[in-house]
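Below are two complexes that have chain A in common, paired first with chain B and then with chain C.
After this line comes the complex of A and B, so read on.
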C-alpha cells in the first residue's frame, strides 16, 4: 500500500500520541471518546472558550437569583447610570441594574438558542437520516426540496414564519429560527449516513438479518453523534445572532422580558448619552458566539482528525 | 472536455427551473398562512361593500390555485403585482426604487470584504504563527462574532458624534454617507474571507505537488504565486453562497441603523402592514438572487476545477 505523505504527518499528532502508547509503557485501552477528550484538552483555545462558555451560562442561570437588585423594578431616579461600584455595568433607562438584566437577557437568548438547536437537530436528523438511508428517488427528491429551501434567504424566511405564528414569544422565536436553519444539519447527517451505510460492519449486520430500523437506530445514528455535537456548537451561535438581529429590527419578544438583542435595540435609542447600554448586551452576544465557535473548532479537531480545518 | 462542461452547465440550468418554481410555491404557501387580510384591519376600516370590491379586484377570493397560477405567471413575466396597501404603487415600482440602493450597499460591502479580507488571509498564511497571523485571526474571529449593529453604532458614535470626521449618520446620497454602512456591513464577510483564504492556503501548501515544486528547486515566490495561490482561491469562489446570506441578513440591520431606504428596511415595514404582495415579491426576488448566485458559483467552480463536474450533478 502506498503511504500518503499527508497520512504520515497526521499520525505524528494522531490518537496514539495522546493515548499513552509511548515506547515501553503498557498499552492502555482507549476509546474514541477518551481519545477525543485528550485531543480536546490539548487545544488551549478550545479549553479556554469552553470554560468561558460555562461561566457565562452559570452567570445567566445563577446571578438573577442572588443579585441584590430586582431586574423588573422601575426606578427613574436611578436611570441610565454609568458603571459604578453599586452597579458594575450601570443601569438602563428604567433604572434597572444592567448586571442583573444582562443575566436575564442571557437566559432568553441562550434559552432560545438551545431550544432552537434541539429543534434543528431533531428535524435535521430525521430528514437527513431518512433521505440518506433510503436513497434513490426519494433521496433525490428530498435533496431538491432542500435546494429550494436553501434558496429562501434566512432572515426573510424567519420573519415570514414569525408572521404566520402571529404572536412573538419565546416559543415562536424558537420555531421561526429553527425552521429557517435546519437545512445544513440535514445535509451533514445525510452525508454521514450515506458514508456509514457502505461500511463493512453495516453490510455484516445486514447479512446476519438485522431489520432496517435496527441498523439505522443501533448502528448508524449513534455514529453520527460526533457530527451532531459539533452541530450544536455551530447552530447555537447562528441562532443567537439570528435572534439578536430579529429583535434589533423590532421583531423580538416584548418588554419587560428582553433578550440580548432586544436590550441592544433599547440601548440603541440612547447610544449618544449612554453607549454602555448597547455595548454590554452586544459584547455578551459576541463573547458567547466567539466561545461557541472555538468550542466547535476544538470539537471538530478532537472528534474527527481527518477533516482538520486549519 | 468542454463537452462535459457544457452538459454540466445545461443540466445545472435545467435544475434551476423547478427550484425557482418551488421557491415561488413555498413563498406563496407561507404567505397564505399569515392571519388577517390587509383590508380587514381595524386601523383601516372601510365599508363592507368597498372591502368586497377590493378583495375581488386583487383576487383575494379566488381559490388558492388560481391565485398561485396568476402569481407565478406574473413573476415569470417580471410583474410582481400591485401593492395591497399603497394603492397607487406596484411592487415593481417599489423594487425599482429601493432595490438599487440595497444592491449598491451589498455590492460595495462585498468589494470591501474581498479587497480587505483576501489579502489579509494571504498575508496570514504566508507567515503562519507570526504576530501578523495572530492579529489577522483575532480580527477574523472577532469580526465574525460581533453583531453588526454594535459595529455600526460604534462607528456612528465615534466617527460622527465624538470625532466628527464629516460622515453623516444616515441616508444614502453622497459617498460620505456610504462609507460607514459599507464598512459596517462588509466587516463580517471580510473576516470570513480572511479565515477561509488562510485555511485553504495552509492546506494547499501541504499538498504533494507543492513538495514536488520545492524539490525541483522552484523559488518560493513562484511556488506561492503560481501553485498555492491559484489553487487555494478556487474554494473561495464557493464562499459566495454563504456570503450572500450574510449580506442580506446584515443589510436588514444596517439599513435600519443608517436609515437607508433599501429593500431590507421596506421588507420589515411591509410585514407589519401585512402587504402580502410586497412581502412575496421581495422574498421571491431575494430568493431568486440567492439561487442564481449559487448557480453562477457552481458553474464557475466547474470551470475552475474539472473534478467537480462529475461529482456535483
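After this line comes the complex of A and C, so read on.
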C-alpha cells in the first residue's frame, strides 16, 4: 500500500537530487527539506493522512461559523434525531445539530492537543537541551529525575495535576496533560543535543570563540528541528486521547461546552437508542489519532532516511 | 620574546582504563611570523597539543595537568573560559582537518563568516558582510558576493577549506593553528590550499602551527619542525636541517617511509616500514618510548631510562640515546 521510500531517494529529481549521490552527512542535511518533501509525497498513506488531517482541522475551525444551527441552543422537539438531510449526523438529546457540535468539540480537543504539545515542546526542549548540553553530573541527575517521573502512570498523573490546579477548563487541562507527558520529548532532545554537540562544526564554532548560548541556540537546536516536528505529531494524538479520556470519565470539559471525549460521555447514556451519539465523536477521535500517527510515520521516514524499511 | 611558548605541557585523559598520557611534557615556541610544523603519526598527541593551546580539550575526561602555554605574555592555561573565548578566533584561530563537517550545514556561508567577525568586533551587519566578501575573495572563491548566501553543500571540499581559512583569518589573528588542513583533500587541491595558507600567513603577518603527518607538507611550508612520538617531542630542528640530517631513529624511519618521485636520490629500494605499533599511552614504559621499535636500541640504558631532550647541534634537539651522528660505525641492532 505504501511506496517504499527507499527506492526513490536517488532519482527524486530537482535540486535536492544530487544529495543522494554524494557521501557525507552535511550534504544530506542541507537539502533535507526539499528531499524530505519528495520522500513524503511518495508515501501515499502519509499524504492521505495529512490531507484528512487538514480537512478535519478546517472543518472544526470553519464549520461552527457557517453552520445554520446554533451549537448551544436546546430544542427538545428536535432531540435525538437520526442522520437526515437537515442534520447529516443527527442531533443529540438536547436537539443540537451533531455536525456542528462535533466541529465545536473538535476545536476543544484539537486545541488542547496543540496547546499541550507546544507546552510539551517548550518544557522538553529546555530540559533536554540543558541536560544534554551541560552533561556530566547535572545531566545524570536530571535524567534520573526523569526516570522517576517516567515511573508515574500517565493519566493518574494528569488527574492529580488537574486536582491540584483545582479548576477544570481549557488551560488547566492543557497544563495537566503537558506536565504528564513531556518526558519523551526531553529525552529525544537530550539525545540529539549530545550527538550534535560532538560535531566538528560545533568544535569549529567553539574555536572562533562563540559563547555557549550561541552554540546551543544557533548551531545545535536548529538541527533538532526535524526530530521535533516528528515529536509534535507523536505527542498530539497522545494528548488528544488523554483529553478524551479525562472528559469521558467526567474530569474534563463540562457541558454546555463540548469536546469529543465529553460528547462520547453524553452519548454513552443513550447508546442503545441513539448509537450515533457515541459513535460519531469516537470515530472523530480515532480518525484524528490515526492521521496524526500516519503523518508522524511519514515524516520520520522522510526526515531520517536511515530508519526506513523496517 | 616568542609569540607562543609552550612549556612542559602535560595533557592527560582520565578514562576508565586508566590515565592516558596523551601529551607528556611537550615544550616548544613559535616566533611571530614563523611556521612551526608538528609531525607524527596518528595518536601521538599532535592534535591534543593544539587543542590544549586553544583550551578546547574535552574536559572531562581530559585535563591539562602541568605546564604553561604562554601566548603574547599570558598563560592561557590560567585563563577562565570567558577570557579564553575572546582569545579564540580573535588572537588564535584554528582550522580543522575535515572541511566537509566543519561547517554547519544549516547556516549559510555568509552567516558563518560574519558570525566570527561580529563575535569579536562591533560591526554592523552590512560592514560584516562586506568584510566577508573581501575574505572570500582573498581565499579566491569566485563570485564571492553571490556565493555568500549559499549553504555549505554547494561548496566543494577544497572551497569549504578555503571558507574555513577565511573564517580563521577574519579577525586577523596573530597565530593560526592548522590541524591537518589538507588531509581530507585531493592532492592537487592540497597543494593549492597549502600555497594559499602560506601566502596568507605572510600577508597577514601571522605565525602558524601546521600539524600534519605528511612530511611533504612540512617540507614545503614549515620553518621549524618538531617530531612527536607517543606524546613527547623526540626531535626538533629547522626544516632543512631535519630533512638533511635527521638524528632520531624515528625521524629517520619516517623519512625512509616517504616515497621519492623526483630528484637525485630516487629510491630504488622499497619503502621502509616501521615495525611494531606505538606504545600504549596508559602505561608508557619508563624507558625511551621508541625503544621497542628502534633498530638501534638495546645493550644500554635506553631500554631502562628515558633519554633527555638534548641539543646536539645549535637549534637541533633530539631525544635519543643513539642519534645518527653518534652512531657512526655502530652496527644496526648491535647486541640487541
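Observations, loosely collected:
The rule is short, and it goes like this: the second predicted complex is superposed on the first by the 278 of 310 C-alpha atoms of A that agree within 3 Å, B and C clash if a C-alpha of one lies under 4 Å from a C-alpha of the other, contacts with A are read in each partner's own complex, and residues count from 1 in each chain.
Rule of thumb we're sticking to: a contact is a pair of C-beta atoms (placed from the backbone, for glycine too) under 8 Å apart; a residue touches a chain by one contact, two chains touch by 3 or more.
On a predicted model such as this, the values are computed, not experimentally measured, just so you know.
When the shared chain is aligned, no partner comes close enough to touch A:68: not chain B, not chain C.
Note on chain A: of its two partners chain C and chain B, the one contacting more of its residues is B.
Of the two partner chains, chain C is the only one that A:136 touches; chain B does not reach it.
By the touch criterion defined above, A:275 reaches chain B but does not reach chain C.
Residue contacts after overlaying the shared chain place A:153 against chain B, while chain C stays out of touching range.
Contacts of A:210 after superposition: chain C is touched, whereas chain B is not reached. Shared interface residues of chain A, touching chain B in one complex and chain C in the other, do not exist.
Contact residues on chain A toward chain B in their complex (touch as defined above): 4-6, 9, 144-145, 147-157, 159-161, 163-164, 166, 237, 241-242, 244-245, 248-251, 261, 264-265, 268, 271-272, 275, 278-279, 282-283, 285-287, 289-290, 293-294, 309-310. Those residues of chain A lying in contact with chain C across their complex are 19, 24-27, 29-31, 136, 199-201, 203-211, 214, 218-219, 222-223. Those residues of chain B that touch chain A in the shared complex are 15, 18-20, 22-23, 26-27, 30-31, 33-35, 141-142, 144-147, 149-150, 153-154, 156-157, 161, 198-199, 202-203, 206, 208, 211, 245, 248-249, 252-253, 256-257, 267-268, 271, 274, 279, 282-283, 286-288, 290-291, 294.
The touching residues of chain C, counted against chain A in their complex, run 54, 56, 60, 85-90, 93-94, 96, 98, 100-107, 115-116, 119-120, 151-153, 164, 167.
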